[in-house]
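Labels for the chains are A, B, C, D and E, by order of writing; each one numbers its residues from 1.
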Amino acid sequence: MKKFVVILLLAVMGYYISITFFDIGFGDSHLVEGVVPVKDAYLNETVNSLNVANTVTSIVVNFRGFDTLGEVTVLFLAVTALGGILYKKRHQAGERSVLFSASKVVTSGSKLLFPAIVLLGAYVFIHGHLSPGGGFQGGVIIATGFLLMLLAYENFTVGHNTLSVIESLAGITFAGVGIWGLIYGGSFLENFLPVGTLNDLFSGGVIPIIYIAVGFKVAAELTGVIYTVLHEKG
Amino acid sequence: MEDTLFKILDYGVYGTAVLVILIGLYGALVKRSLLKIVIGLSIIDSGINLLLVAIGYLKGGTAPIFSPGYLDNPKIMVDPIPQALVLTAIVIGFGVTAVALALVIRLYRHHGTLHIDEIRNLKW
Amino acid sequence: METIFLIFILFLGGAIVTWMAGKLGNIVQDILFLATILVPSYLFYTNVATGYAIDFNVGGIELSWGINAFGWLFSLIVLGLGAFAAFYAVSFMKGKERRGAFYLNFILSIMAMLGILMSQDLISFFIFWEIMTWSSYIMVVYNGNDVQRIGIKYFVFSAIGAYAMLMAIVLIKSMTGSFMIESLISSYTSFSYDMQILIPVLLLTGFGVKAAIMPLHVWAPGAYSNAPMAYTSIFSGSLSKMGIYGMVIVFTTMLSYVPEGVWFRGVVAWLGGFTAVFGTLWAIKQDDAKKLLAYSSVAQLGYIIVGVAIGTPLAMMAGLFLAVMHAIFKGTLFMVVGAIERQTGTSNFTEVTGLIRKMPWTFVAALMSIIALAGIPPLGGFVGKWMLYESLITSDHYLLVIVIFFSSTAAFLYCYKFLFGFFLGQEEEEWAHVKEAPALMVVPMVILAGLTFLLGTYPGIILKPIANGMQTLGYGMTQGQLWDTSIILNEWGNQVVLQPILYAILGIFVFFVIFVTIKGYKNTRYVTTKDISSSGEVPLAHENLTFSQGFFQPFLRAVEPAMRRQIDKYYTAIANGLESLFDFTRRIYTGNGQTYAIFVIVFVVILLIFKNSIFG
Amino acid sequence: MIGAAVYSIRQKDLLYATIATGIISLVLSVLFYLLQAPDVALTEAAIGVALTTIIFIITIRNTVRYEDEHDNKEKFKSGVK
Amino acid sequence: MVGTPVLFVAIPLLAAFLIPLFGMIWKESVRVIPGIVLAYLLVLAINLMNYVMVNGPIVEVIAGWAPPLGINLVFSAFSGFLVTLMVFLGLIVWMYSYRFKRNVDFEPAKKYFLLLMMLITGSVGMVLTGDIFNLFVFIEITSISAYALTAFYTGRDSAEASFKYLMLGSLASAFLLIAIMIIYSQLGTLNMADIGSKMHLMKPAYKIMAIIFLFTALGIEAEIFPLNGWAPDAYAEAPGPVGAAFAGIVVKAAIYASIRIIYTLFDLSGAYDLLIVIGMITLIVAETAAIRQEKLKRMLAYSSIGQMGLVMVAFGMGTEEGVFAALFLMFNHAIIKSLLFLSGSYLVYNSKDKLIKEVNGIGKFLPITSFLFVLGSFAIVGLPPFAGFWSKLSVLTAAADSNMLLIIALVLIVSIIEVVYYMRVVNRIYFFKKDESVSTQRPTLNALIAMITLGAIVLIVGFYPDAVTGFLHRASADLMDKAGYINDVLTLN
């Protein structure tokens, strides 16, 4: 009974959403006539005044950097929240539930892969402004590396304090760069470094700095998430 | 090859996205297990993200990256803004999912079950 | 500083200081309390001229405080009775808990009532009205007896009244653009027909609750009897008069100008008449003095409402005169009950008897007020009732006269019951130790009782301010037409003939009393409670040998059908029904998160389906 | 992708359901790539496929594996875990 | 000008990242730093408010890109007023929760204060932001903090409440994204002012779809009737001060967002009627549900929902008077309901179930706390001369000016219900015999100061409403001035 009601409701809702989107149209410009979209300005400014190759990066870090700051905060809060929600009085660091007792192949494989993954992650976020990828992606990749290690090695521990120091420092860098911009440039997160030339590693002003901070932060946070959940015995 | 692929994608993308959202909603609304509900919520997120990216897509467009050596025309690039938004949305969605799962663990610890009808101490 | 502000600041500051002063010792607190009542009252009568008003602005709303002659009349009730009650209260509260809270709310009530009289705009009127409501509410629940039922009932009815009034106020504001009472009066005739009906209805509901008019009276008995008696004397004496005050304004300033006013007057007058009858009947039935007086208050307010609603100059004068008298004698009577309760610990006259020798001064006060209440010359009640009858007859409300007359006669029954139950009858061992109440309690009672006599013989003392007040309400000069030339024999020419007649009646009365007493004393034989030789039946062991038990059974049997259906029961049924309904609404929140999520989807779907009709 | 979604909702074994959500994310990231959003594809692949799935699995590990509680106990009794 | 609006977000974020570091050095710092930050923000807010009252709104751009491109923050009389209120309440709540529960471990304390600060920051961000996607981000920040704070006590059913909140919160964010997509696909911009200026170009069908989803999403946060299943549970199970923060801060931000959207973004007149209808239903259902509650905090929660319904009604009138009334109501509700939650928490401090009957006769043992609770009760039911009266009066006046007789009558009838359940509690506090088994807990000094401050505001506003009405009039004029808002934002260089 309940199922059918729900299905009916969802069908109605789905119908309205779909017709709206089908009407909007896929794959062509669906803007209202006479409106100049912001994206044109973004694309132009990215390549012309910021000298950043990857527009998504420039948007995420510069134009809408505030969103990113918020997003990093969300992750940070998620880690804090996890800790708060799963907090138990007698929390023992050594106690952990292992998913599998990993075989030799896995452990040695992980050992080999781990540096490679971390390196890949670092590459991804350092080159965030040049190629696809960036702080999030790189951070996530590094976090998967740690995940691998956590799964493979029973006794692999990441210092909780280390994580939170990295996290805090990265966060402070981000917010600090923002406030620095406020002091020097007049607005929060404003670019105060020379923008360099397009497709150079050192281009885009503060974008790489922020993205690297984001990378570290995301990596630390996601590792923290996994670590917290993993060390939780039900 | 690419043409047919795009044909399939054409309206299929929206359709898929909406369907995925609805399936996720169904799971969140009907299934009795808390974990299933969380799975449903994360499926909704996937659908939403797909919808967002699809909005920004431009037929025959290129990724919004200015590569060295190419003469990139901003006119044919896909809209980068939705992509930026999706990046944010994905990460936020992950954070929420993590919190949800932590709550699930807490609830299991407290109630010894994940059946939603049994976790109704707060009502009226 | 403006004296008017000073008065209110003194009241408010004094109230808070008194409240806090509990730590400094009881005497200090008492003195502060009395000072807080008396000093502003003195300031008010010496420094505030009638007709003077100050305007100021709070929160973007124009307010105006001042006093006119009509308000000044009521201020006599409020501050005069208030002062007496305050002295009484000091003694009454000796050794009781939470004196601070009592004093605070007492002062706040007095302040609020004065504020109501001084408000020349609806907002400050409402504010003071509400302060009066909640301060009296706290007094009602002060003893902690049955607070969830009686207290809530009182507050709910007050809230119904207050909110009806508030609704009227905001409607008036939206139509006239101002909260001033003046602008309401001046533009009332230009309102639309609906509003001309709706606004008086709402206002009368608001005032009717406080004046305990018939279908809205159910809070009164419980509230009056539950509050500490020192407070009930102003609760019943002054606070209920605020309802009358408002009604008078509505009737004279608004309803006089529209043809529908006649209907309103008729309906309200009849409601008042019914209130009088049923209040009296219920009062007869009571065994508890507080309850009896409470119902009696309801009935008396019925008379006043009749007079006010009829609204001819004489009727208005009668109503206002009765209002003043009622304040005095009912205030006294509640004080009497308070004194008895304080000395004996109960207010039930099936238990307490024969106090006449123990508490003679209390008895004198009670006797005088009872006589005034019953409307026997030469005390004050008589003059008022006479005027009321005359005005009803001259305005052709014969049926109403019968109703009032019935009620007034029936009132003798409970008057007698009250007097007999407490003071007469045999003395019992149990009450042998009872002493007269402290002087501070007795003196206010006796003075007030004396006032009833004074005003009964020299009604002109109070009729003059009444006439002045009525002039500000738009009545013509009544002096020389109505009251100066005697109410009773007004075709006899231009001289005051009331007093000689009254003195004659008084002489006869005194003679009669002396005669009976002398004669009675001769034949009186004192018997003990166990001496049952004079009686035909052997009483049961538990039966009290006074007549207060089962008083008036035959009469009550006769009127029982009329009393069986208590309005109270309907209200209770409605309240219970609503509570069950509300219990159902909260079950919407099932506690299941999925249900809530489905609500969300339902909400969205409803919006989607009706989107065109909603957003159009 | 839809198939995977339906499967993950209908499957009583939460472990399989979780893996199905991983597959959804995988398909999704391919779609993102086709829609010219390489950045998003990369993120989705890393977060959706790897991390989300893993924390789900950890949670399942810490709680129960089967949606139907009754089922769960049966399986536990018979030693199939 | 002493600072810029962005500091409202930047400083707490910086502090949030710093707290774990400082916490390693000096443990008490995790409690102290949020207080310092909030105090600073309050000073900043007051300074900016003074500036705004004289010079008009401050529009701040971020990352140096003029509004349609960059994200902007708008500190106008309207948003500034709310921000000041929120930060002030945040400070009060912080002061109250400092040592609220003794013997709390370091880790939970750190998390509690961090999350509390971020809850306030998120709400402030929701109010300040001028960008619709940024709004989404701040909503998420607020929500995640709120989930975590709701589930803060491990002993209770708090996780259950939190989970319900999370379910609905997820739906809200999904809907919000759908709406953002629809708008973006048509107008190609995310800036609120830009959207507002171009909204008339959009096809009505899309407009309606967008507003439905936006309204639902924000309605979930703003506790309007069919969407508020999470609210009573969350209020009841969250720690006392957090309940106050929800009622005073989070909900206010959500209401602000929905109002900004309806007033500034869209030009649909039907939305106003919808607000009135939904608000009225919310009011009625919540108040009727409240009267039969057995738990104190649940009762307060329902009452809070009801008040939000009334705020919606007032906003729905669409006149400047209505907006003024709604803002006044929001101000009063924030102060009074916080006072009630804070003092109520101490009334049922040691009790497990937090039942109303456990407050019997507690007035003698906790005189000041009880008095403040009673003051709050009197104020919230709108008894003069306390603060609540003026807002109720302004709501009714505004309704009368819009000729809504039925609304006036219903609001007043519901007020009677409200009176009943509050007075029942007041009666219990003072006029009932105390149950011996209930042990009382004296409030800490800082909690007492926090509560007395709120109580004093209730009295001050009650006797001298002009203290706030000036700001409120400016704020309401500011909200009504759609063209001015758009102009301020878009003409910025």
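Miscellaneous remarks
The rule we apply is simple: a residue touches a chain if its C-beta (ideal position, glycine included) is under 8 Å from a C-beta of that chain, and two chains touch if they have at least 3 such contacts.
Owing to the predicted nature of the structure, the values given are computational and were not obtained by experimental measurement.
Simply put, of B-C and B-D, more C-beta pairs touch at B-D. The most centrally placed chain, judged by C-alpha centroids, is E.
The greatest centre-to-centre distance from chain B, using averaged C-alpha positions, is reached by C.
Chain centres here are means of the Cα atoms, and by that rule the chain farthest away from chain A is C.
The centroid of the Cα atoms in chain D and the matching centroid in chain E are 37 Å apart.
Taking each chain's centre as the average of its CA atoms, chain A and chain C sit 73 Å apart. In whole angstrom, the spacing between the mean C-alpha positions of chain A and chain E is 30. As a whole-number value, the distance joining the C-alpha centres of chain C and chain E reads 44 Å.
Multi-chain contact residues of chain C (touching two or more other chains): 586, 589, 591, 593-594, 597-598, 601-602, 604, 608.
Counting partners per residue, chain B has 9, 13, 19, 21, 25-26, 28-30, 37, 51, 54-55, 57-58, 63-65, 81, 83, 85, 87-88, 90-92, 94-96, 98-99, 101, 103-106, 108, 120-122, 124 as the residues that reach two or more other chains. Within chain A, the positions touching two or more other chains are listed as 6, 10, 13, 16-17, 24, 37-39, 42, 54, 56, 64, 67, 70-71, 74, 77-78, 81, 85, 132, 136, 222, 225, 229, 232, 234. All chain pairs that touch, listed by label, are A-B, A-C, A-D, A-E, B-C, B-D, B-E, C-E. Every residue of chain C that touches chain E in the complex is listed here, in rising order: 57-60, 123, 126-127, 130-131, 133-134, 137, 141-144, 147-148, 151-152, 155-156, 159-160, 163-164, 166-167, 170-171, 173-174, 579, 581-583, 585-586, 588-589, 591, 593-597, 599-600, 602-604, 607-608, 611-612, 614-616.
Within the complex formed with chain D, the chain A residues making contact are 54, 56-57, 97, 99, 124, 132-134, 136-137, 140-141, 143-144, 147, 151, 222, 225-226, 229-230, 232-234. Of all residues in chain D, those touching chain A in their complex are 37-43, 46-47, 50-51, 54-55, 57-59, 61-63. Put simply, chain C touches chain A in their complex at residues 598, 601-602, 604-605, 608-609. Those residues of chain B that touch chain A in the complex are listed here as 6, 9-11, 13-15, 17-19, 21-22, 25-26, 29-30, 51, 54-55, 57-59, 63-68, 72, 74, 77, 79-81, 83-85, 87-88, 90-92, 94-96, 98-99, 101-103, 105-106, 108-109.
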